[in-house]
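Labels for the chains are A, B and C, by order of writing; each one numbers its residues from 1.
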Amino acid sequence: MKKTVFVGVLALAGMSASVAAAGLLDEVKTRGKLNCGVATGVPGFAAPDANGEWQGFDVAVCRAVAAAVLDDPTAVEFVPTTGKTRFTALASGEIDMLARNTTWTFSRDVDLKFDFVGVNYYDGQGFLVRKDLGVSSAKELDGATICIQTGTTTELNLADFFRINNMSYEPVPIETNAEGQQQYLAGACDSYTTDASGLAATRATFEDAANHVILPEIISKEPLGPLVRHGDNEWADVVRWTLNALIAAEELGVTSANVAELASAPGNNPEINRLLGTEGTLGEMLGLPADWAVKALSVAGNYGEIFEKNIGETTPIGLARGLNAQWTSGGLLYAPPFR
Amino acid sequence: MTSLTDPPKESFRLGMLIYDTRYRSLTIQVVALIGFMIFAAWLINNTLYNLAEQGKNVAFGFLSDPAGYDINQRLLDYNSQSTHWRAAFIGLLNTLLVACMGCITATIIGVFVGVLRLSNNWLIARLMTVYVELFRNVPVLLWIVFTMAIMIETLPAPSDFRGENPEASMVLFDTVAITNRGVYIPEALFSNGLGDLPILPDRENPSCQPGEDGTLGDDCGVFQISLDLLLIVVVFGASLFASGLIRKRADRIQNETGDRPNTWYLRVGVVLLPTIAVLAVLGFHLGYPELKGFNFQGGTHLRNSLIALWLALSLYTAAFIAEIVRAGIMAISKGQTEAAAALGLRPNRIMNLVILPQALRVIIPPLISNYLNLTKNSSLAIAVGYMDITGTLGGITMNQTGRELECVLMLMLVYLAISLSISAVMNWYNERVKLVER
Amino acid sequence: MVDIHFVRKSMIEEQEPPVATTGVAGWIRENLFSSPLNAVLSILSLAFIFYVLSALLPWIISPTWAATSLGECREILAGHEGACWGVIRERWLQLLFGFYPRELYWRVVLDFALLIVAVAPVLFTGLPRKMLVFSAIYPFLMPWLLWGGSVWNPIAAALGFVLGYYAHKLAKPTLGSLAAVILAFVIPIIWWAFLSGPVVDALASVLPLITLEGVESRNFGGFMLSITIGVVAIAISLPIGIVLALGRQSNLFIVRSLSVGFIEFIRGVPLITLLFVASTLLNIFMPPGTDFDIILRVIIMVTLFASAYMAEVVRGGLAALPKGQYEAADALGLDFWMAQRLIIMPQALKISIPGIVSTFIGVFKDTTLVSIIGLLDPIGLSTSIRADQAWNGVVWELYGFIALMFFIFCFSMSRYSMFLERKLQTGHR
């Protein structure tokens, strides 16, 4: 008698299982929504505003993918994840992609079975200190109390850095950026360490920003990028090339202002034509309509525009392009050719 | 049940499994067991399938790899090259530490507040009611975060102690520094120390080879016990035992002669002198905290994450304990108080000698469950960055290795073991103080 | 002989009692300064109250209601200490409703208003018994109002129970009681698992009576999320808890061991580890491809958590019943289930109501833990709000608001529970 119940439940489970077997791209299209994992709150990168609309640099990547796939930048369900829950959320299929300033590392790519589709922000771990502390280099931080955000690569980098330099320190683990800021400002730690972009964003909100400096040492490489699960290459391609389209568009001079005009008729630059679908069949190869990149670009413009709007020098966060400039202007952004 | 006639002999039919009360319970149990086993098998099967799908397996080997992260509060030796096992163990000790400290202070505060709530001082009784209601009706997580924020925002930073005219200064004759990084108190030091005794030393380990001065390395053994501490504890224990003998002798003399010999000076001497002598031989002195570099150095550092968690858990649990104490006291009939008063006892002696001992029996069982709650609530340490076992094994280790199943399973088993042992000890005590009724 | 006797011929005037024992002065003397120790305690308490109020009040009374950012607050305060209430004005709706669509707030409000109507007849015995019908309907109404969808969904869900009831009723005379019980379990499950989905779809397309706009549970947040988790968990945990409590009291060894094992396991581990299971493991335990969203998973785990505590509360209620009640039920020839249904449970559950209410308060408070696994409950939202450039650095105002809300909810419930306890106590004397 009990068995019948279980057979029934099993059969029910089997039904739902068969739905999930199709490719993620088709699944997202039939669902009509993209589930995108973001941070619960990092200034400039992802935070909900008073109307519950998510805003930020990472959020813009989700919106671009949603626009390319579903032709609707608002067809995104933002799933807030913490440093702890983000990988399981992605591995269990709860989210289709993760855009939550996540560092591309060997073990995450290989051991945790994810595919990093590219890098949307080149970052590195830095130290924020008060000017009156009189410290000019991270090597002078021997014996200091240092606030670190847990659940990230930063705590491992920090342990390595101090061990290599034979220095001691007192780690103060904290859960969220807001707590780190609070402890640092009250002087409960001498230094706050996280990705340099986060430090700049945090520093920008201080009442006395000028009294704080970010030390010159960047102790780690932190290529942050969106990632998807292993094994579904079609979907990985869609996310990868949407990101590349944003980067390539900046290099090619396609902006939100002129994208409609450029897409209306083939111009004289074949690469722009291929990107915008007026020439060739790139969209079809991805399983998307020909004007997929046009849609992605019309949301918030190219990489440069997204950067300027959310975290650029005109915003309170005020990050310089630095490593994140196009390769033509001395940065590391280098989108593979669209052909 | 007895019956006058034997029940009619019936041959066994299948229907009897259900309709005969003699077999029905067996049938139900077998069905329940089979159902449970199918359910468990189903869960395990799903888990294995899903893990295989994600390319993972269930293995605990990762626990022997270097953890790679640092822990600030460590009761035993630990560095970033120690294993995940070690990190989990350090976390476990931290959990136990804050749970023990919390239980003790929560009991003290709780008993005080519970008694004061019944005080005939109107203001005090109201104030205590406000305290109890405030703490009981706001989530403990908020209290933990609150306490931490208050400590960080209101206490002075170490840099405030610096300079010609420091904004803050140390208290208690410059021996204790209260900062927003924690409290620095003097530590016990021994100038002629005996060294440490490694427990379970591994002879292969190079740090177990005696160095030039005959001492062993810090990494030798699973952990090391300070011989000084061991000696002091042994001597002090022996003194207490001797003092007990003297008391027994005094009791005997009093029983025989009716006069109690005056022994208090003897007992004080027996308890204190040997310990003082041992301390003097070992070269006992206090190490005071001093502001050096970025932080206070020397002394024992009670980190503010520990203090915040400890305070918040104590105050929160104390509010519940106060209610239990109050209910326990009110459960004692008024006749007891009146009888004690008629005997001429003063109010505080009535409380200590008559009411509390009786109330204790009512109080102990709910007290146990509050100790359990406090221990379980200590897992919220994660909110203030106190590295308990949820912070190490269930936090950084889980996050860095991606071994969720293994870590959560171990975490649950550890907490289960702690809970079961607390309730076992407390139940044993409860049995002992139980009123033996005729 | 001198006559020394004295007889008063007239009544003397009533005297005022001594000043020190009446009026304000007397009261103060009696209640605050009855002994030196009391006097010291009173003065210390007064000093403490003065200290706290003098620190808090100037901070609370702060003209920053209209500010739109922390910077603006700082300008208004111009260096004085004070709260920045603008953040509450701008975000209080978000703290209450999370990301629920603004035009649909009425559904949430209506839902929780109806909740009070539904539990009122259970909590206040003075109300007409007929209201219990609504209490029975409410569990189906509630998810429909919150999550939306076709009105046929709750009807189909309720139909399962009706089917089970009639299967039992019709089958019992013909097939015997055991077969009837089995049918009463199997038929609803088959209905829910295989038939209700297509039937609802068909009905919804043929007769689209009322279809509410669907709201995904990801949009739940703030206090609404806490209340939803708490209410759903307690409602579902009550029947599970009763079964577990009966199992724990049973003299069948295996049934008892399974119940005790489950209860002790859940009670022995902290809720946060169960939430870790919800956030990282529950989908791994389920058949491949099952995708419960995180809020559903959290509700499942919190329900299991609450069931164990509920089982202990019900067990307490069962233990408090006099043994005569069981014996009387046996003497009437009632079988186990009938005795439970007609005699034991109505009394045991009535005694347990205060315990159930305090379990609910505990679960409701514990829902704040979901912020640790990244759900946006009030505490989780406060982190997100602080990630907004305008409010970066706001701490006390948000925590204070959240604490106040929790206090109002929990305090009123605990007062009710105490009132009930007192009423029940007198009932037993």
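The criterion applied here is as follows: a residue touches a chain if its C-beta (ideal position, glycine included) is under 8 Å from a C-beta of that chain, and two chains touch if they have at least 3 such contacts.
Only a predicted model underlies this, so the values are computations on that prediction, with no experimental measurement involved.
Novice: For subunit A and subunit B, which third chains touch each of them?
Specialist: C
Novice: Counting only C-alpha atoms to place each centre, which chain is farthest from subunit B?
Specialist: With centres defined by C-alpha atoms, farthest from subunit B sits A.
Novice: Cα centroid separation between subunit A and subunit B, in whole Å?
Specialist: Distance between chain centres: 42 Å.
Novice: On a C-alpha centroid basis, what's the spacing between subunit B and subunit C, in Å?
Specialist: Going by mean C-alpha positions, subunit B sits 30 Å from subunit C.
Novice: Where the centres are mean C-alpha positions, what is the separation of subunit A from subunit C, in Å?
Specialist: 39
Novice: Which subunit A residues touch at least two other chains?
Specialist: 1, 10, 84, 88, 175, 182
Novice: Return the residues of subunit B touching two or more other chains; collapse runs of consecutive numbers into ranges.
Specialist: Residue numbers touching two or more other chains: 149, 153, 382-383, 398, 404.
Novice: Can you pull out the residues of subunit C that are in contact with at least two other chains?
Specialist: Expected reply: 280-281, 283-284, 286-288, 372, 395.
Novice: Help me check something: in the complex, which residues belonging to subunit A touch subunit C?
Specialist: 1, 4-5, 8-14, 16-21, 39-44, 46-52, 77-82, 84-85, 88-89, 92-94, 175-178, 181-182, 185, 202, 204-205, 207, 315-317
Novice: Within their complex, state which residues of subunit B touch subunit A.
Specialist: Residues 31, 34-35, 38-39, 42, 54-56, 68-72, 79-81, 149, 152-153, 157-160, 180-181, 292-295, 297, 304-305, 382-383, 385, 387, 391, 395-396, 398-400, 402, 404.
Novice: Under the stated contact criterion, what part of subunit C meets subunit A in this complex?
Specialist: 74, 90-91, 94, 98-99, 102, 182, 185-186, 189-190, 193-194, 216, 218-219, 279-281, 283-284, 286-291, 293-294, 372-376, 380, 383-389, 392-393, 395
Novice: Please output the residues of subunit A touching subunit B within their complex, sorted ascending.
Specialist: Checking each residue of subunit A against subunit B gives 1-3, 6, 10, 83-84, 87-88, 91, 107, 111-113, 132-133, 141-145, 150-151, 155-156, 158-160, 162-163, 169-175, 179, 182-183, 186-190, 230.
Novice: Which residues, counting only subunit C, touch subunit B once they are in their complex?
Specialist: It comes out as residues 31-32, 34, 38, 41-42, 45-46, 48-49, 178, 251-255, 258, 264-265, 267-273, 276-277, 280-281, 283-288, 361, 365-366, 368-369, 371-372, 379, 395-396, 399, 402-403, 406-407, 410-411, 414.
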